[in-house]
Amino acid sequence: MSFNTFGNILKITTFGESHGAMLGVVIDGLQSNFPIDTAFIQKQLDRRRPGFSINSTSRKESDTFEIVSGFFNGKTTGTPLTIVFHNNDQHSNDYEKIKDYARPGHADLAYQVRYKNRDYRGGGRSSGRETVCRVAAGAIAMQILSSQSITISSKIISIKGKKNLSEKEYEQLIQTYKGQGESLGGRIQVEAENIPIGLGEPVFDKLDALISHAIMSIGAVKGIEFGSGFASENLLGSENNKIGHSGGISGGLSDGEKLHFEVAVKPTPSVSVVQQFTDLKDLKSKKTLSITGRHDPCICYRILPVLESMTALVLLDCLYAVNGRKPGEN
Amino acid sequence: MSFNTFGNILKITTFGESHGAMLGVVIDGLQSNFPIDTAFIQKQLDRRRPGFSINSTSRKESDTFEIVSGFFNGKTTGTPLTIVFHNNDQHSNDYEKIKDYARPGHADLAYQVRYKNRDYRGGGRSSGRETVCRVAAGAIAMQILSSQSITISSKIISIKGKKNLSEKEYEQLIQTYKGQGESLGGRIQVEAENIPIGLGEPVFDKLDALISHAIMSIGAVKGIEFGSGFASENLLGSENNKIGHSGGISGGLSDGEKLHFEVAVKPTPSVSVVQQFTDLKDLKSKKTLSITGRHDPCICYRILPVLESMTALVLLDCLYAVNGRKPGEN
Amino acid sequence: MSFNTFGNILKITTFGESHGAMLGVVIDGLQSNFPIDTAFIQKQLDRRRPGFSINSTSRKESDTFEIVSGFFNGKTTGTPLTIVFHNNDQHSNDYEKIKDYARPGHADLAYQVRYKNRDYRGGGRSSGRETVCRVAAGAIAMQILSSQSITISSKIISIKGKKNLSEKEYEQLIQTYKGQGESLGGRIQVEAENIPIGLGEPVFDKLDALISHAIMSIGAVKGIEFGSGFASENLLGSENNKIGHSGGISGGLSDGEKLHFEVAVKPTPSVSVVQQFTDLKDLKSKKTLSITGRHDPCICYRILPVLESMTALVLLDCLYAVNGRKPGEN
Amino acid sequence: MSFNTFGNILKITTFGESHGAMLGVVIDGLQSNFPIDTAFIQKQLDRRRPGFSINSTSRKESDTFEIVSGFFNGKTTGTPLTIVFHNNDQHSNDYEKIKDYARPGHADLAYQVRYKNRDYRGGGRSSGRETVCRVAAGAIAMQILSSQSITISSKIISIKGKKNLSEKEYEQLIQTYKGQGESLGGRIQVEAENIPIGLGEPVFDKLDALISHAIMSIGAVKGIEFGSGFASENLLGSENNKIGHSGGISGGLSDGEKLHFEVAVKPTPSVSVVQQFTDLKDLKSKKTLSITGRHDPCICYRILPVLESMTALVLLDCLYAVNGRKPGEN
């Protein structure tokens, strides 16, 4: 496996499996002397944590983080800032009985063919747990952006096609299907304000191309659209040229409008109903099995800070490309 | 401007403006000793060329290419293979009257703010003409993939929301709006078959993330979705886990199913109706102007080989990451 | 600070300061299913450890390592293999009295100007302690190379200009100067055998260019020469073309001869004699001070595994570029 | 072949063979709105040109350049600035008789093994002609550096071990050996002044590591040393810490002293005396042959602008990493 690093000037490298000793993220390229509010990192991690709301899995993951480098006397030093998460509460035996079978909708089969080997305990690198690293790194990027008045927010547009329900109604919907061993997907909106005009690079690293790369690298995401997106074909050129349709990006550069994009989140593949698993020792053979353990019936809530974080990392990287990374004052 | 290079192991670098001396693409990382069918390159370029069908602009662009390096006695040498396109038939004076005004829906404003300078003749690097480079490079990648049985195809799903019309009916639709000085968008499907299981990298360079980056870096594209995409929220987890919904990618790796994604193409912003342009010397001031010259009323046909090419470049890059680049036999 | 990652396909990212919680290295791009001999990693680390021989500092660094990801049932999984070193035995107060002064021959002044901030406890990232990460990663690369019969070795050519002394005589020489609070430099030779012909990339990433980058990135190294090197000007072209002068690299590619290069190691700048320090609050002002604490009088012995490791990482990266990274068999 | 791109933020990509249609360089990442003095580019190219002084080959290479993109109204636009060199005066038949034999001291053998194919006309990518691209790009970087008072210079220290001869005496020396069909090497010094303190990145991309990579990627260079270099072992630590020994780099960052390094240039391998060539169809068989055509007896003069250029490209890249790339004013 390669390419566990993301970014051009501000780079994050993540490592670790859900059932190994620790996961972590190395953030390389941060400006020095920036004061970090560690409570905000924890706050974003708490939004991502399973068990935080009734909508999520009842696992109790240890999402307390430790900054082990690049941070001294409350500020970034400019050296690689590394955050680690020590694992515990690992129910490896939940995975033992299915270790020779590929779960439908998962990467199990592809991993086995590609690597001829996998850490079957919880998905290894394809586990959603990897996103703790992204959220912690993103929480730092969000603080630096915020010091320049750039803010990022996200919200749920729909779950299982139902729009504009209250949080309570969404919870009820999720609980109903959870009871049936099923999972639900939805649609999420991300917005960012006060982005200076001209961020992004005009050809291959257009701002929308970079954000798409970042967002589509999150496991459950199956689509992304900017501004009027797929609906733009319902407009004529002169209509689509008007304010509000670009999603804040024209010709690949931020254009001064609010950044706006929407994301398709699929129903999580870990469902407890019985399904056909592929026998990894004989790829043509199937077996009827079910996934046990605690899993998310709907990750639409938990994914919000992950989406915000990946957006923040792209925006800060693009800012650095234009402005460099002058140290903060002492 | 930076980052005019795309790819990890197989890298393409494009250069040139629509109204400069030439455009070109340097393809770095190709295996040596692969025989190239230059007629196929021209065939793909002809599909992209304006004026090829009545649906496109009536400009006569010179899309004859010259391979100037990396190619000897009909085969790749393994050195950077460079293809150039000499420009001619440039109607620079079409642009003279609007050089101090930013066209709506274009990158003009963002370029001016970012670079304080732009080649106003035809959009510079943000011109669609840059895609000749991608198509030529992609045509080579498609030949190498084809030698391993991997095929890529694309087709129009809808234009202005109308699905499944015949080519003749689409042409009529486009001509009608062209007469009004307007442009149309649409939806396109791309598919690839016989991709080996396990391509892509599991975390940041998931196959769908790489393809999204590549496809969203094409000017007119505003959205992308894989498999059941945005519609996946209408399915339960167990339903979405079934064959046909993944789009051929699970957990970021190719999973043995057919690769399938769909793309939103916006109506081209170059329309001839009068619009409000931003005065580049006073960003708060507007002026009523119209874009003259020959422009595409709908690029859905022309964009097909560009989409296929960017897909091919990603797939070949991922193949090289696994298999290396052994030279062909003499 | 940026660019804490080295390599094209096989990449290592190091993090951590000498006086923080931990240092570590993320090795991204390893082939899967390769069995690792962890004892060999420790053996190489022991060669690098201060206090191992009387030639080195008497500090007792904890060089026990922990593999925290990418390793399962004794084999690489193909995911990022991460090795961490927990710090202890940190004498931070040795540094307290000189925290406002830049040590001569160190990066202190440049760090302060660049970052306006530094972790003054022991040099931060510029500490030689960072090389534990390189040695651990290199020990894995050496095992993979060794499985393909490629071996790497290094030896001391001279210390303080004295060639071919016995180990005992070198130790005496070092002890003498250590007693005076001084340090010594030397010259080291690195060789590698059985490298397949054709490794390296012919233009910017010539094998000698990559090795020079890798080796010169080690703090104490001030020069490198391949084959007949600086002495080649004493030969005529036809003489220099003969076997034995190329150092194993012709035109940037391995040419089938033994890889041979030599390295200049400067006397370590941490000496305990009094010197003129620069006042970091007034760069034109000097103060007479001395560095206390335990420091290496000569790092020529300790640097050997670091040189071997960086060489191994370059060679394996180049091998992967040609051959890809097929998983080992189960 | 891969990795024909050099640089982190300012990247150059070169392409083209000595006997193809053209060579070129794409310079990606330049700041916009910088006025270029094209006469200075030609001046640097003329210093590199064979036939310029009697010391060089009598070939008449066409070193007139054409800027084909990224340049408008005398200034950089911020888009990729591309410079091409059209080839002519190609004596391909000089190479015909040796096309099945590997010249000693050249990359011919390694190319054939690696790529199973090579453009035998003049060395292909390993030809020294590729350096026209580096000189043109470097001439632009030197102008931008110069606008910030940073100057770069180089001079010959010795040829064939003879130091401090006059230019006339060096010419005589070279002519003597040229008459015998031989070639000579030498030692060159490069210096740069007014570099701001703190350039470079402290770990893998130390300023000396980047410069070594850049300089060792030039074909004829076999060694590099900074400051007191290999001679530093003759000094004690406290002596070597004094001003003048660091070469302007401490801990990998520029330290405010003058940048100083020296380079070993080997005698060019193209000599006309008879030598043993390797039969490419039977690698164990040798044949006595000689290289005909016009070749350089000593490239020490011609390599000066190449060394300056690679140094300039590294320094500007490092400057951009700290300061970003703000556009020039209109």
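Order of writing sets the chain letters: A, B, C and D. Residues in each chain are counted from 1.
The criterion applied here is as follows: a contact is a pair of C-beta atoms (placed from the backbone, for glycine too) under 8 Å apart; a residue touches a chain by one contact, two chains touch by 3 or more.
Here the structure is a predicted model, which is why all the values come from computation and not from measurement.
**Student:** Would you kindly count the fewest steps from subunit A to subunit C, each step being a jump to a chain that touches the current one?
**Tutor:** 1
**Student:** What is the chain whose Cα centroid lies farthest from the Cα centroid of subunit B?
**Tutor:** C
**Student:** Weigh B-C against C-D on C-beta contact pairs and write down the one with more.
**Tutor:** C-D
**Student:** For subunit B versus subunit D, what separation do you get between their C-alpha means, in angstrom?
**Tutor:** 36
**Student:** Which whole number of Å gives the spacing of the CA centres of subunit B and subunit C?
**Tutor:** About 45 Å, centre to centre.
**Student:** Report the inter-chain centroid distance for subunit C and subunit D in whole angstrom, where each centroid is the mean of the CA atoms.
**Tutor:** The computed centroid separation for subunit C versus subunit D comes out at 27 Å.
**Student:** Touching at least two other chains at once: which residues of subunit D meet that condition?
**Tutor:** Only 1-5, 9, 14, 79, 114-115, 125, 202, 321-322 qualify.
**Student:** Hey, which residues of subunit C end up touching subunit B in the complex?
**Tutor:** 9, 79, 202, 320-326
**Student:** Given the complex with subunit B, which residues does subunit D contribute to the contact?
**Tutor:** Per the touch definition, subunit D meets subunit B at residues 1-5, 9, 11, 13-17, 20-24, 26, 28-29, 32-33, 66, 68-70, 72, 75-80, 82, 84, 114-119, 124-125, 327-330.
**Student:** Which residues of subunit B touch subunit A in their complex?
**Tutor:** Subunit B residues touching subunit A: 1-6, 8, 14, 104-111, 113-115, 123, 125-126, 130, 158-161, 177, 181-187, 197-199, 201-206, 208-210, 212-217, 219, 222-230, 232-242, 246-247, 250-256, 264-271, 273, 275, 321-322.
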